[in-house]
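Chain IDs A, B and C follow the sequence of writing; residue 1 opens each chain.
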């Protein structure tokens, strides 16, 4: 519990203003807030390891809205809610039934009468997921302002088209744990690289979340992808800006090998080309199955040109001492295991398999920290109460 | 919290006998019980607004059985259960799998070993929903009497073919709040009117619940509908009887305009003709898709003759001072918003949109009150404990 | 509460080692452990009847994985989890999506960060269900050993291809209650008999669980089935071994009449032939619908030769005094009620209907006892705390 005491004293020095605020994009939070969030998540994890109760609520609902499949984020959210004392209620909307506009305003209020937090995953439609979250936020704000709701629930982005903050924050805590401190990340090279996968249409939010967040801590971030697989330009510009501000570096490479050379950390992961996602959105909306199939074929054929973008032993040898930390948000497409050929060679993945599980293990505590800091004004006092209990 | 103290002292004067009793129809409850229920619901709402815990159970299950789709009632029930300290368990039966008769007796007991309450929505089959609820009630009564169950769970009707008591009670609390007291409802005119909708097969339970309940408080209730869209005759007779007894009035009009003239409150809402629901039940039971489609076509064609039954600005002008309160159980079919032409003009709905949300906001507290009064013998004492905590 | 005090003093004499251990097969537990489990389940049931709280957890998740449909076991698990203070989270995997091997290791850890217990039903694939449970167990053990998980959740077998321990333990408690004590079971004859059903593919786990468990308490167990409907040979051998060791008897009969003669208890229930289940497994895995349909036809045709294997009044007359206790895990195929002709005559079932409900009523408490004994080292002290509270 020494680490908990150290965290609590560090926390006391950080000025944060997260009470009552949604968590939609990491870049809407100050550096101090990100640091505090990491400390709170680590503290909750340590308390849980020490079999301390994390319960701060007597009752209340955590609502989840998953507009895309999810196992691990679903369970992370359920775990965080349960640990804090909230009941989970899932809004099982048919993807088409609840559209944007009028219905969102109404539904958002109807589910929120006793809600403390609403977690949303909406990552299938480029230009829409984050927008939808803000519509829900505006709706419950109006409901609260107009006396419909006794309290305004907090929104947590469980992955949208732009960012995946619970993932990137869990990754940041994993890196902090691996290297010892956030300060130790300064100058460390991380390669966020596209990798080949026999599927298509994976969201851009993970690589975007990583380059936008890691550049804030002085890391040397290299984004690598084949031509045509670029990310949302605004997020790339943001990463560049962040690196400049933090004294880090940001570069774009055109081969996995270039990115891996001398890297301390590698994050090879597939995603769909931005332009394909743009064409996919109207097809999805129109339910145009033939169009989607044709686009998938075209995209898979294009992907297949880059099968050598695999994180194999040869490429791992290029990293610092051949020993870079391999990261992945899971599940990975593992060559010869979960697919014929994919993002990562089986031997590489197996060496880091448990490290990726540990990386994932921070996510429930990151979500719990997001809820705690948004719902409990004096959250350091709440943490101290949990320690003493 | 002044209002809470006032409610509690009013409550002390009311004689109720709801402990261990199901809530299936409002007209099975005495006037004192209805008044007490409204007071308890308001009190719970005020306590929640004041961030007081509503928890009265340490553990226990609230079981829901939804034999028809639902978002808002589902979340209202989940919210009420969670606030009181119960866990939610949904029986996800396939509509056809669990039939009447033998299986109901068994299933009702199998799910009830630790259940405090069972909430059921079964509103698709005229003549069946309420009957099903009574079968479940008889089954758990037998289970309790015969030593299968340690406690007999309470049933709450979350909408059947006859009544929708959680809705009508929430509406009553909304009216009480709007006009200041139940006494203030005396002489106020409410127009419960059929309205055009481009869908068919909507249950009769909302209009039936409204005319049966509001006539008990001296209101001047006018039911309006096109020829052939009458409600269950027994419920219409009951409304007439209630009005006579309470010193209110009950009339049936044949145009929305007639009903709206001078009204203090309007409730324009679509429903299916009684005779169509009667023909629909055997078709649904037999799974006769062609028959259902033909009936739908016939019914929609008939509906279409009454497109002018829309709650528009012109008709609103006919109400008292042009300012009647517009009510709806939601979701409404809003012309030009959720459909081409529907129950209500967009400008009318938008003006009352937040009022309808507030109307809906009472439902979780009404359900919580129903559970509390059925499960806690000395519920006024329980409320006082919540106030003090 | 006298019975509770008696149970607690008996419990004090039993040496058990179940803390942190999975419950996968009854025959992996010592006689003392089985006796203790029965005592704990009965004690929890008595406490619940006396309206005492069974809550021992402040928070924590109970995860369920149902790879086959279930209503009563699902609600029993939910009831047990809720009563102890755990939140329920169901892993709703598509049957095909999460295969064996690599993915199990990962998923098992991803869902377990805050899990106290994982309950699994996987009974469709002969040779696979129990194996899957052990894969999950190995995965969470590795996760705990390697610092991924702060605690290793306990696995509870909610029915596999080999055993159905929550059912057989509930049946044992029911028999103990019926005859007064476990000692009173000595010499009592139980007929575990195959029965005709117009369905096919029912698992073997119930009859296997019954013959393996009841032979440990000196009962005279007769297994009866038509030729070709044998159980897994290893389990039959185990039953024979258990009977020898306990001073009971075990025999295999080839007619329901032979088995019923002089029986104190009859358990007539359908199951699929072992050989059919063996052929079915690869067909299910390959998703070979035509193959499955052909196998079903063949199997139903074979079943139909044994329609006289019905528990009717004539066969019941053969039992001791014509008054044997009829048992069933439910739902039963009742002739003329839930099917044209099935496992049991309507008049027989109706006479014992409430007895079968009471039999089932022990299951939530058996599951709660399994969780309590695996998660709370000094569970007798925990029980004493519940008594005093």
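Note that in this section a residue touches a chain if its C-beta (ideal position, glycine included) is under 8 Å from a C-beta of that chain, and two chains touch if they have at least 3 such contacts.
Note that the coordinates shown come from a computational prediction; the quantities given were computed from them, not determined experimentally.
Two copies of one chain, subunit B and subunit C, form a contact in which under half of the residue numbers belong to both partners. Summary of the copy comparison: rotating subunit A onto subunit B for the best CA superposition needs 120 degrees, to the nearest 5.
Centroids of subunit B and subunit C (each the mean of its C-alpha atoms) stand 41 Å apart. Listed for subunit A are residues 87, each touching two or more other chains.
Within the complex, the subunit C residues that touch subunit A are 58-61, 87, 89, 91, 93, 101-103, 105-107, 109-111, 113-115, 142-143, 146-151.
Subunit A contributes residues 45, 48-49, 51, 53-55, 71-72, 75-76, 78-79, 82-85, 87-88, 330-331, 334, 337-338, 353-354, 357-358, 360-361, 363-364 to its touches with subunit C in the complex.
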